[in-house]
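By written order: A, B, C, D and E. Residues from 1 in each chain.
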Amino acid sequence: MSQSVSPAPGLPGSRKGLLTEQQLRSRQRLARIGLGSLVPILVLALWQVLGDLGIISSLLFPTPLRIAQAAVRLAQTGELGDNLKISVLRALGGFALGASLGLAFGILVGLFRQTERALDPTVQMIRMVPHLAIAPLFILWFGIGETSKVLLIAKGAFFPLYINAYMGIRGVDNRLFDVTRVLGFSRWKQIMRLIIPAALPNILLGVRISLGVSWLGLVVAELMGSTAGIGYLMSDARQFSKTPIVFVGILIFASFGILSDALVRLLERKWLSWRDSYQGR
Amino acid sequence: GERTISTGAAPTSSGSNSGATKASVPATLSYGYIGTSKLNYPGTAEGWGFYKGIIQEELKKYGITDIKLTAFPNGPDLSESLISGRLDFGSLGDTPAILAKSTGAKTRFITQGTTDSIGYLIGKKNGPKTLADLKGKTVTTQKGSFHHRYLAGLLKENNITDVKIVHMLRPDAEAALARGEVDAMTNTGVFALKQIDQGYPLIDDATKHPNLIGTSATVVSEDYLSKNPDFPKIWNEVRLKALNDLKSKPAEYYKFLAELNNSTPELMEKVSPISGIKDVPFTDDGIKLLEGTKKFLVDEKLAEKDIDIKQWILKP
Amino acid sequence: MKTVSEPLLSIEHVNKTFHSNKGSVQALHDIVLHVKEGEFLTVIGPSGCGKSTLLKIIAGLDVQYAGDVRLGGQPIKGPGIDKGFIFQEPRLFPWLTVEKNIAADLSLRDPAVREKVNELIALVRLEGFEKSYPRELSGGMAQRVAIARALLRNPKVLLLDEPFGALDAFTRTHMQEVLLDIWQKNKTTMIFVTHDIDEAIYLANRVVILKPRPGAIRNIVPIDLPLPRKKTTTSFQELRLKVLSEFEKIEELELIDSSGI
Amino acid sequence: MSNAVKALEQQTSLAERDDQAELALNRARWLKEKVNDLVIGALLPVLIVVVWQLAGDFGLFSREFLPTPLHIAGEFRTLFASGELVQHLAISLQRAAVGFLIGGSLGLVFGFLVGFVQRLEFMLDPSFQMLRVIPHLAIAPLIILWFGFGETSKIVIIAAGSFFPMYMNTFLGIRSVDQKWFEVARVLNFSRTQQIFRLILPASLPGILLGLRLSVAISWLGLVVAELIGSQAGVGFLINFGKQTATTELIFVGVIVFAVIGKLVDSLVRLLERKLLGWRDNFQG
Amino acid sequence: MKTVSEPLLSIEHVNKTFHSNKGSVQALHDIVLHVKEGEFLTVIGPSGCGKSTLLKIIAGLDVQYAGDVRLGGQPIKGPGIDKGFIFQEPRLFPWLTVEKNIAADLSLRDPAVREKVNELIALVRLEGFEKSYPRELSGGMAQRVAIARALLRNPKVLLLDEPFGALDAFTRTHMQEVLLDIWQKNKTTMIFVTHDIDEAIYLANRVVILKPRPGAIRNIVPIDLPLPRKKTTTSFQELRLKVLSEFEKIEELELIDSSGI
């Protein structure tokens, strides 16, 4: 990769270096977007053609055009926007709660062997408790209002961040730890200046996974007696065999995946620029 | 691409002799039903027939040697499987069957096994006691099922408009009701009785509204019918045989049901009496119920399109 | 074994063995050493003889040893702000810029810190690189950042593990002067590991010579030359020969005269 | 912690100890620490169980939704005695294992490819990120359409779940390998395979093992969804059956089996971690 | 500008600038250098003047520069087995033991490799540490492992970036002899960065002196002393003074006589 980026050796191009580099970067970004949309576009086209030819059942698998129509219809009635807003709020609320707790506990358990010993086994066990099985308990304890939904989502969002923060901290180079000890860092400074930055790659990965899980958690959470939300829209549409709407939901989910991913990547670029790590070739 | 109109003509040739079609009949048949159990059998006559091997024995004569049974948690799952071609036929509630049909699923309705699915409306403790009390309250139901149809019909009949209907699966709804978060819920059979036992008030049940009783539906995919046009006839015969056998040993049958549902034979006798199982594919009452349900679903815009029940039903 | 005048740092019969699944390596054997307040001690010895290990024990970074180490009469519990340490490698925080690495846990928004940091950056000659990240520095530059970081805190005891190893002769000389300046001004107690015998003699009150496997004290040579010293004087050269001959007894090298260390 | 060790050392270190004794001491200390870990780790769960039982006995919650530990134990005993539990467990374990093997190894392979080749990253990663957040429940009909409702579809559901954590962690693991080692590898003229096996694999092993842990967990949890349709056995089935027949004890037996087995498998991976990552000099808490 | 006899390595008007968001640093400015086959070139210069950068360009690790670098008449496309490189830091693989680090991509099961590795371990005096992991090594030991790793491959050109920086005087002398031995036996072309002026003169055919900001060639001093050399001879001392005075012109230091570099 680096080979092709460089101006060919021999060209006296040091002055132009900056300019071309910028151009190259923007060209690279374009290529990146192009390459990234290649697969989805191909899949969509194939899907539409196969659907039109009747090769795949349009009942189970409505063509992209029909899905688009359904989406437009939903958007026009305002249904889509309302439901999306509610879902985003829920997912973000659950994510904020679960992720911040996960981060806090992950740091606590990562930092202190004592808390690790006391808490980690329990947390690991709770991690393995399936959402679907304990939904009634959630309702019993927290009702069917927003609380239980947000909590259920938070439960899902907790673990990826917990485990990634925990493992990220345990991956911090001991030699840098010694430096902070020698320099007399307070606990707080140790966390803020060493542990968080060093574990940041892992934490950001945890954020990515957590965001995805919170979004997925909507489907289960919005089964628990709700009258709005994308998850509700999807399950409702399924009950009434309105497949295009289910697919609209799926598409929204998918685009959310891309969006949250892009966001975290942005953060990565911003916060991890100090890294000099492998970029693929 | 909707091409549903012309297909009505296809099964008219069902009178042809069975010997001729035997060769082309696929050896495997896959059947879907609702309900999870350790035995992997449905209830009613079909289940009994499979359980006792009667159906297998009979179908063998028609060249069907391998029968696959698959349990589904919900009607929509089963409908989707039928559409996808993974199932040849299946039994489910009338409401999900109609809903699927109205979205264009290519199925034919061959048997209406029971016409006695009773919905119960259970209130929370110290909550609403009568239908009138429900005004402005929240009621949960499993949308798209026969209890949904029962609840909505009930409210409409009584002109109660401002009720919030929330979709919830049964275990979730029971928890919400216990907590008092919702004011009432719909429930079925064993579970409703259990709740009544625990002191939850019964507000209403479908026995008081014969037009709101649910029925069951056995539907076959058109795809399978084209390969085995005689199937409706065969099936109904076979089913009848199983039903007759079942009627001769009721105690054993209820024990079987109890095992399926992790319950007791006594309770089973109460909620799923043998008398409810019909020995003819269709009764006029049953069809009337079906028409009523369809009309309701269409009127309420729950179903996408109107369908012609007469066209859908395939009488052998 | 205690000396009459209470030393600032006393190391009594320290033994240190590293265990691993492949067996164990004794890194230090019965080390006895006393350092007075304000003393400048240099430590030399062959590669792998245990110099870094000794320094880490004094710093309180390594507490799994046998024996007794006391600073100001108190057993050393752990590292602390009173003991500065310059590691053998720079060990900079890769996510912090040069100036933030030097400030480390202190805030650059504090004007006192800011001023001190700027002063130190000038002292180690890194003006213009304040905002650079460690990966943008050369080896010697990184090492100078590490030195500045340790100097910022004005520790009572400064432990230096080959701090000038990656510096060219001139920068090195400059840094030696800087260090001597600080020593004289602040009366910092210095324990300085080096591979350069000239440097060891040039800076020290006493030169500790270690021998390897297991690391033990071979000899301690007091350097009583007045300051400022000149490397070309005969007295300096005499001491140099003395240290060399002690060193020679450790190794079986006959290359000395030909290579003229 | 380390101070205690020091004290211990000093007590015994008056005389010169030989290595043998030291090693034995180390081992004893290690064992003691392990036992200690176990006790401290069990403290919280035991406490929870006791409070739970007491609260149940005092009627603080309804048995319909939360049976007491003793009830669950009773159900557990029945299931175990009849041999049913073992049977369900065996089937579930098998499904989870197969699904995990397929999903995990595909995740590993794609993580590798995408991590290694930037062009593939640009091409595939966005699609994977989209697929990652598509709910299983919503695409159940498609899974049925493509894979039926036999074992295949169950394994596909599990594999799809376990794919992503493995994929993401492997990808990140590779992308956090320090560039300076790549320079070494290039200078030493490593071939592609050597670069993979001698550099990338070991360097990204911490990430990969973390992915393994997450992935194992998800394949285990995926059973509940996978065993929803057309199954008569498995722990997920037990839970679903319990839900359907309102046998709460059954649900909890399933949940507890899930938690315990999940924790065991997780511990196994951590053991592996300790074995394979012995070379690391990292923070231990 | 080309010399008549075709050089093995020719560096023509190389410029190298590092860009970052904070601005740009010109690391190398119009470097012209020709190295004959079998030549021993040492490079000295102040910290941060671009020595490592130059070496990386020659190694083919850095291809983003302006100018022309050819090895044996061919432009350098990337690193290769013909060019050995010893990095300024050891850069050992932490997951490999010492012997595996030395073998790197070669298999220790191959008896030829095994034998060569054992030989090299003895040469760098690390017997007994074959199975140790890098974190169990001292700084100097790690550096010796890195040297052994580069020597194993018998490259045609060996690029050494301060390879002996972390070694004590005696180990260093030993390693110098080892290197000279290899040079004479294998006719390896050596480009050797060091901070030790004595070392630079002791080893080299020519000493390249760089000056900083931007890194450029200040002077190239040919060393025509016969081998083996002695550091105490007057001719050696004369050359030393010459190199020093060149160096002096770069820096504005007046410390030389007092510190006696």
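By our rule, a contact is a pair of C-beta atoms (placed from the backbone, for glycine too) under 8 Å apart; a residue touches a chain by one contact, two chains touch by 3 or more.
For each chain, UniProt lists the protein as follows: A, D = ABC transporter permease; C, E = ABC transporter ATP-binding protein.
As the structure is a computational prediction, the values presented were derived from the model and not from experiment.
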Checklist entry - By the touch rule set out at the top, what is the minimum number of steps from subunit C to subunit E? => result 1
Next on the checklist: If you tally contacting C-beta pairs for every chain pair, which pair wins?
Outcome noted: A-D
Item to check | Distance-maximising chain from subunit E - centres being C-alpha averages | outcome: B
Checklist outcome for this item: Whole-Å distance, C-alpha centre of subunit C to that of subunit D, is 46
Next on the checklist: Centroid of subunit A to centroid of subunit B, CA atoms only: how many Å?
Outcome noted: 40
Checklist outcome for this item: Note: subunit C residues in touch with at least two other chains are 89
Checklist outcome for this item: Note: subunit A residues in touch with at least two other chains are 57, 60, 136-137, 140, 175, 235, 238, 243, 275-276
Checklist outcome for this item: Residue ranges of subunit B touching at least 2 other chains are 80, 83-85, 171, 174-175, 178
Next on the checklist: Per the contact definition, I'd like the list of subunit A residues that touch subunit B in the complex.
Outcome noted: 52, 54, 57-60, 135-137, 139-140, 143-145, 223-227, 232, 235-236, 238-243
Checklist entry - Which part of subunit C faces subunit A closely enough to touch in the complex? => result 59, 61, 78-81, 83-85, 87, 89, 91, 93-96, 104-105, 133-135, 149, 153
Checklist entry - Contact residues on subunit B for subunit D in the complex? => result 32, 35-40, 70-73, 77, 80-81, 83-86, 170-171, 174-175, 178, 190-191, 194, 198, 261-263
Item to check | Contacting residues of subunit D [partner subunit A, same complex] | outcome: 1, 36-37, 40-45, 48, 61-62, 65-66, 114-127, 129-135, 137-139, 141-142, 145, 164-165, 168-169, 172, 174-180, 182, 200, 206, 210, 213-214, 217, 220-221, 223-225, 236, 239, 243, 251, 254-255, 258-263, 266-267, 280-285
Next on the checklist: Considering only the defined contacts, which subunit C positions touch subunit E in the complex?
Outcome noted: 18, 20, 22, 25, 44-48, 51-52, 88-89, 131-132, 136-141, 144, 161-162, 165-174, 176-177, 195-198, 202, 228, 230-232, 247, 251, 253, 255-261
